[in-house]
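Okay, so subunit A shows up in both of these, paired with subunit B first and subunit C after.
Then we have the complex of A and B:
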């Protein structure tokens, strides 16, 4: 390994820049002042209490959970179908079909949500939590496909053939051999889709009708300067949850690689 | 392979199984993505959708969008902001990707990448909001500098400006740029670099003539991955720009929902997709030419 202190210092400075805004969350979430400014005023947990007692926040939280759990389940299910099809089978038009499925990755979310809105209003579907789920499944599926494709492609095909030779059917092979091997990929896909759906704002904002979810609630609070400290507290809690979920996802991803005997080549995506 | 001939025989059934397996996901994407996009395209060619039903076929909406002063200004601004963000993000990200790929021990690389990607997975809205808190009139920078006695009056240049929007977006999309560059650097055969240095090139020249060209595909991928979402960003102009510096996404919202002019809104949306596609194609072609020049 070559040594170069300059690059290392630069990278650490870069990481500090990356994390600096997030570091403000705990500082001001515990700061005893309604104004977000220096110098700090003292320690308090009032903002967490205020957050806890906010009825609207709980409604938004419950809606968000329903949406994130359903989106994660459906996106991962669609992801399993697409990833298995694209890694195991060859068929004409495959690049085009996969391209369409992955398209939301390169489309601005505003365009996805407006397109969906136009057609939903056109056919008279009332806007609700259900329509948010429709949109979130669409944008989570590409991530699920990407994660699951790498899980499926690291499978050794001879394991599957051995199972057929030993008399297992296609379905039982999938259940007994393939599914357990890609399980870490499935869990990681569920967690990533859950996190994306929980964070997503634009689709939730435009397709939700009068239903509030967490991100829309946060956006709405920006209009009230006195609510800012409570948002800092909420943000701190959300960041902690995200980091926890990601750490679990990363753990399963690594275990998956170890299980299939592959070499770790880096993080998500 | 010993089963080569049998695979040929089963080709049809293999294709059939592939279609069957991918059909749920494909049907969902067709219903929820292809059909709605087609609907937007049809809307953009309608005469007056405010009246309810379509009244005919026209290119008038596109003429309005492409020749209107306000539309032009907003589209140029979106392009300018997203290009600036892309340039800054990619330039700042390259050394980081280079460091992780060339100077970190293989077993610690995953940990570094994990550290770099964590901020990306924390709530986007909260991160943008934090920049508002940092850059605002009574924000962290102003109050911090005032309490230190460096300035007497709050700085006004840092709030509600294009510069603060660029800073916010560059921060939000930073991890996006690092990953593709890192992947392309990882693929470089290390013996090529040693060969370069054995033949008497300096480290800097080796980087310039071997490493940089070989990682260009990753740089192009990073450019696209940052450029595409930033040009369509809605939250940052709304919160950091204070709604006074709209970009394409904000304009689509105003037309589609606030003014209920779906035809023009759809024309803007299609135009935005065309701009994104055009810029992407330019970069992909550049990449292709670049790779050809290598040989």
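Then we have the complex of A and C:
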């Protein structure tokens, strides 16, 4: 285990630096003062009430949900196609095509957003929730492909052949055998894509037009110091939802591995 | 009943298979008879699994024809062929129970649910898994998965059951037990079984007939005894069991073949003992380790006798292997002797008389 005390101190410092700011969210979300500073003034749930009554926030929230759910669905659907193709079939130019699909993973979002903005304006597509979805599908698909490829490649090919050999068609084999076995991967992919889309700022800011989403709305509210405690409350709620979603995703990933009798090679949590 | 009178079940007519430039099957011609336990035996990469998969319909052939029960299989997909397969990995559906696995092929069967459930029960009983129906398939042991795979394939009453190295994942004891069970099962259901294996012992134990394959071709197709006693080439002889080879010269051919071999002297062989298939080093005679015996004091040879020196002794309990060098021969020959109570195991360096018989020899030239 850890032998050197230096490494131990480093590790603790690292974790504190990483998570202490997040720990501030619940502290100030319940602090009875508009000023974000110590010492604490007392306990209150007023900021949650204020958040709840904010009509602008609700609009942004609904927009964000629409975008995140749509992006997750499309990214996962495309991910299924790409993962299936990359693990089962050989076709000319396969490494290049898969590489292009995975590229947004390492491409700065700034560049993606600028390029999309120029093209969308150029061809005259009005900026809206739909254009944000387009951008989010683009950046979520590589994650979906990565998750689903591992789900598809851990499938024994003879399972498909066995079902086919026993009289099923290609389509019914996919439905009866492949889909149930990769379902944990599909659920993981949906949840991760959803989270990425919900968090995303740059594309949402560039391609949103006058439609506000949660991340952009939160950023805007920081201009008004009296609004900050309510944003802290909102942040706390979002942290809780994120942890919940990631836990569910990890649960399904592990269950998938256990189901197909595979070996755990590390995951998100 | 001997299998020779049975009708043909599968026929390969000059089957070729290419993977790009790689010539995987190079002109396979063979017939497999109905109700036969047939094995495709060969080292890995010899094309035996590819050939099996052309029967199942998982591989298209490049040219030639595969016929099942006199019907051309060209263009018939795997799900429409009268064959079922037991996969090397068993391919048990991990998200289904044992009975859902076994009954999987009955999904399109018009029979009532109760009748199907009965068929599943019977299939499970046949493979010795009665009462296991409700278990989760992923929780089974290797041997149990094997049985589920068998029941799942046999429930459709295929004309041909294809087995792709089904025993290779089992430990030795389990494997030997399953060999016997498979033979019994095959006799019971009477279905043509085609087994792919790289294990020559397994093929000898289980099969009515064996096709030995090398490099995409069938080298010899025969029953186990012929294959063992009369291999038609040195390669087959080497692959199946152990065979000793001595350089030889053919002196005359006149009905019988007169041969002189180093260490053994002159002898005559009948025509059926003469094979082609030498490996280019000229003619050789071969004999199996158990067909020659060391003669102890007071024993006389039933046929011929040659002098040799013992070079190596390997004691196996029930058997002793002796490597002996015949006078005038460079390479040692392996003899296997059954140990008899009260008879000593001989020491290295002992001079010994070796009894042998020309009838047990095979000439490759």
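The working rule: the second predicted complex is superposed on the first by the 254 of 269 C-alpha atoms of A that agree within 3 Å, B and C clash if a C-alpha of one lies under 4 Å from a C-alpha of the other, contacts with A are read in each partner's own complex, and residues count from 1 in each chain.
Everything that follows uses one rule, which is that a contact is a pair of C-beta atoms (placed from the backbone, for glycine too) under 8 Å apart; a residue touches a chain by one contact, two chains touch by 3 or more.
Values in this document were obtained by computation on a predicted structure and should not be read as measured data.
**Q** Could you look at A:149 and tell me whether it touches subunit B, subunit C, both or neither (first, second, both, neither)?
**A** In the superposed model, A:149 contacts neither subunit B nor subunit C.
**Q** In the overlaid three-chain picture, which partner chain does A:70 touch, first (subunit B) or second (subunit C), both, or neither?
**A** Neither subunit B nor subunit C is touched by A:70.
**Q** In the overlaid three-chain picture, which partner chain does A:180 touch, first (subunit B) or second (subunit C), both, or neither?
**A** second
**Q** Looking at A:167, would you say it contacts subunit B, subunit C, both, or neither? Reply first, second, both or neither.
**A** Only subunit C is touched by A:167; subunit B is not.
**Q** Mind telling me which of the two, subunit B or subunit C, contacts the most residues of subunit A?
**A** Residues of subunit A touched, subunit B against subunit C: more for B.
**Q** Does subunit B (first) or subunit C (second) touch A:103, or do both, or does neither?
**A** first
**Q** One more residue to check, A:31. First (subunit B), second (subunit C), both or neither?
**A** neither
**Q** Go through the superposed model and pick first if A:195 touches only subunit B, second if only subunit C, both, or neither.
**A** It touches subunit B, and subunit C stays clear.
**Q** Pick out the shared contact residues on subunit A: the ones touching subunit B in one complex and subunit C in the other.
**A** Touching subunit B in the first complex and subunit C in the second, no residue of subunit A appears in both lists.
**Q** Which of the residues in subunit A come into contact with subunit B in the complex?
**A** Touch list, subunit A to subunit B: 1-4, 7-8, 10-11, 14-15, 17-19, 21-22, 24-25, 28, 35-39, 77-79, 81-82, 84-86, 88-92, 94, 97, 100-101, 103-104, 106-112, 114-119, 122, 134-135, 137-138, 141, 145, 195, 198-199, 201-202, 206, 215, 218-219, 222, 228, 231, 235, 238-239, 242-243, 246, 250, 254, 264-269.
**Q** Could you please specify the touching residues of subunit B with respect to subunit A in the complex?
**A** Against subunit A, subunit B makes touches at 14-19, 21-26, 28-30, 32-37, 39-40, 43, 92, 95-96, 98-100, 102-103, 105, 109-110, 113-119, 121-127, 129-134, 138-140, 142-144, 147, 171, 174-175, 179, 182-183, 186, 224, 228-229, 231-235, 239, 248-249, 252-253, 256-257, 262, 265-266, 269, 272-273, 276, 280.
**Q** Which part of subunit A faces subunit C closely enough to touch in the complex?
**A** Contact set of subunit A toward subunit C: 156, 158-159, 161-169, 177, 180-181, 259-261.
**Q** Tell me, which parts of subunit C touch subunit A in their complex?
**A** Per the touch definition, subunit C meets subunit A at residues 56, 58, 77-79, 83-85, 87-89, 91, 93-95, 104-105, 107-108, 138, 152-153, 156.
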